[in-house]
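By letter and in written order, the chains are A, B and C; residue numbering begins at 1 in each of them.
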Amino acid sequence: MIQARDLFKSFGPRVALAGVNISVETGEFVTLVGPNGAGKTTLLRILATLTRPTSGAVQIAGLDPARAGSEARRRIGFLSHQTLLYDDLSAEQNLRFYARMYDLDAAAARVDDLLERVGLAARREDLVRTLSRGMHQRLALARSVLHRPQVLLLDEPYTGLDPQAAQALTDLLVELVGEGGTILLTTHNLERGLALGRRVVMLARGRVVCDKPRDSIDPATFGEAYQALATK
Amino acid sequence: MGNENVERVRRPWQDASGIALAALSGVAMCGALGMVFLYAPREVTMGDVQRIFYFHVASAWVGFFAFFVTFLAGVGYLVRGERSWDILALSSVEIGLTFITMTVVTGSLWARPVWGSYWTWEPRLTISAVQLLIYVAYRMLRAAIDSPERRARFAAVYGSVAFVTVPLSWFAIRWWRTIHPDVLTGGEGMTITPRMSHTLLVSLAAFTLLYATLLWQRVRLERAADALAHLRARLEVNRLSS
Amino acid sequence: MRFFLKVWAILVKDMAAELHTREMISAMLVFSILALLIFSFALDLRGATARAAAPGVLWATVAFAGTLGLSRSLAREQQAGCMDGLLLAPVDRSAIFFGKALGNAILMGLVEVVLLPLFSALFGVPLLRPGVLLVTALGTLGYAAVGTLLAAIAVNTRAREVMLPIMLLPLAIPALIASVRATGVLVEGGALGYAMGWVRLLVVYDLVIVAVALLTFGYVLEE
């Protein structure tokens, strides 16, 4: 479902990704961990078609984003610590707008359903500006799954969430995996990374340094290795 | 990768070409100067001050040509994405800015004795002033962007849009001036003889050669700066991983 | 068809957001009235002087007020990474351009709806004629088009509010001259025929700008 081969990305003289190979099967939940500056966000943005790699090949849902950009985008959902929501529009207006951008049929019904599922039906007409951070993230999640994407990419989605909102997010993700979605989530919080994904990939300084099923990882040694990389 | 950059900067045939160009434009400039002051006749209406015309028109031509080069280089960058196109664009802007400033200054100096005022809204002078402002805006844009790749891309887009509006500005200004002719400008008032045409052509050629010489050197300078930056970056990487 | 629906949706979104806050339109209106006052004092606009200067003062005001709206319109997409939201969706980059440019043109138009009668009354010039309205529309569309493209660039630079007017005004000269001249001819009682040359220039300018914007907008948006 997601395939990246020999991905390089440099911003001028700075190299963000130095040959990343990663592949995620349909229905897998993979967490990507790594210290700040490891290249997690860059990798996710390339997979989300927001940036083009300097070199390397990417395949999402069987499509090459460089060639079939529009089609690929229909199948990808993206959630980051930025909400991608318009402050001056209501929750409902935001979702209706994105529904139009994704050419959704029966948009109104879908929007209503999602507002229910994320528990924002009561606040649907309130401007996003007036919602709390936790509600922002819930609405952003609704936005990212509005078009029923086959792949969900999440970049540090737990940033700034209180425990209650974090639990709500986790519940929603579990539900999505249950429905057959593929999820790639990044975090710099090691415990969460080990708890969530069935497979864990560690990225450091633009390279994949570890890629194993969660069950075969010993948390202690993993934690030490992570610390070593983070402080280097 | 780094080694090639260093060697490219030191290639002897590049040095030789640079010297040859400089020599050629030196000769052409001397020729032009000679013709302007000795060969071209004294103009009937304006007198000797008219001789500034040869430098004024020549630098106006170079100013516009440099803009055209920047436009092409920008399009080249957008299509190919290679740094060499961007280097050409930024070098041409720097040199073009110098020449267009000369155009405006010489135009102003010429206007004073002939028309009694340091500025006239004469179309060519006005369009040169507009180009000057665009050049300056282009430079300011480049200075206001940190990422090198974005800088090149945005500058290329701005250069393209800007260049495309220049002919339209030219027409607009010309029609504006013909419908409302100024008592001050009232046309050029200059009679052109064959000897003056010859002088003008030589002057144009000399200025174009000078532009080419300066462009060549500026491009080489930027390439050397790039090579230096790469070497520095590699040094930094080596230092960090040891 | 879906293309136009998306352009429309982007346009509606911008109008809805503006309706909720009204911050851009009020800023543009207040600025315009202040500019009008300053011009009146600075140039001592009365009687015949006022009538002759009216088209110029109008367009100078519109141009400067326009930059306020243009900056803000693109800055709104930068908040909370909204531009990413648009780029993530299967939306043609040109649809984004048209949606935003039309939105900006409409906002400028709303300001002009207030300014034109105001100028007519204050300066004693008949600005509410079909010819003048046509010229105003053409000039506004061209200005909004080039302004949207440049604002998309400016919003990504360090000194964004300052960069936009510096980049925009030299490029808007053909539209400004043509609009002012055509309006001038029309208010002096000339028929539309006399102003046709200027109108033609405006149309060419608009078409050229839109063509260049369509070709280059994608390059501005990409990361």
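We adopt the following convention: a residue touches a chain if its C-beta (ideal position, glycine included) is under 8 Å from a C-beta of that chain, and two chains touch if they have at least 3 such contacts.
Keep in mind that what you see is a predicted model, and the values were worked out from it rather than measured.
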{"item": "Both-way neighbours, i.e. chains that touch chain C and touch chain B", "value": "A"}
{"item": "Comparison of A-C and A-B (more C-beta pairs in contact)", "value": "A-C"}
{"item": "Relative to chain C, chain with the most remote C-alpha centre", "value": "A"}
{"item": "Centre-of-Cα separation between chain C and chain B, whole angstrom", "value": "31"}
{"item": "Length of the line joining the C-alpha centres of chain A and chain B, rounded to whole Å", "value": "49"}
{"item": "Euclidean distance of C-alpha centroids - chain A vs chain C, Å", "value": "38"}
{"item": "Residue numbers of chain B (touch at least two other chains)", "value": "none"}
{"item": "Residues of chain C touching at least two other chains", "value": "222"}
{"item": "Chain C contact footprint on chain B (complex, rising order)", "value": "78, 130, 133-134, 136-137, 140-141, 144-146, 150, 153-154, 156-158, 160-162, 164-165, 168-169, 171-173, 175-176, 179"}
{"item": "Residue ranges of chain B in contact with chain A within the complex", "value": "147-149, 229-230, 233"}
{"item": "Of all residues in chain C, those that touch chain A in their complex", "value": "2, 5-6, 9, 13, 16-18, 20-21, 76, 79-82, 84-92, 222-223"}
{"item": "Touching residues on chain A, where the partner in the complex is chain B", "value": "11-13"}
{"item": "Touch list for chain A against partner chain C, complex", "value": "45, 48-52, 69-71, 73-74, 76, 78, 80, 82-89, 93, 97-98, 100-103, 127, 143"}
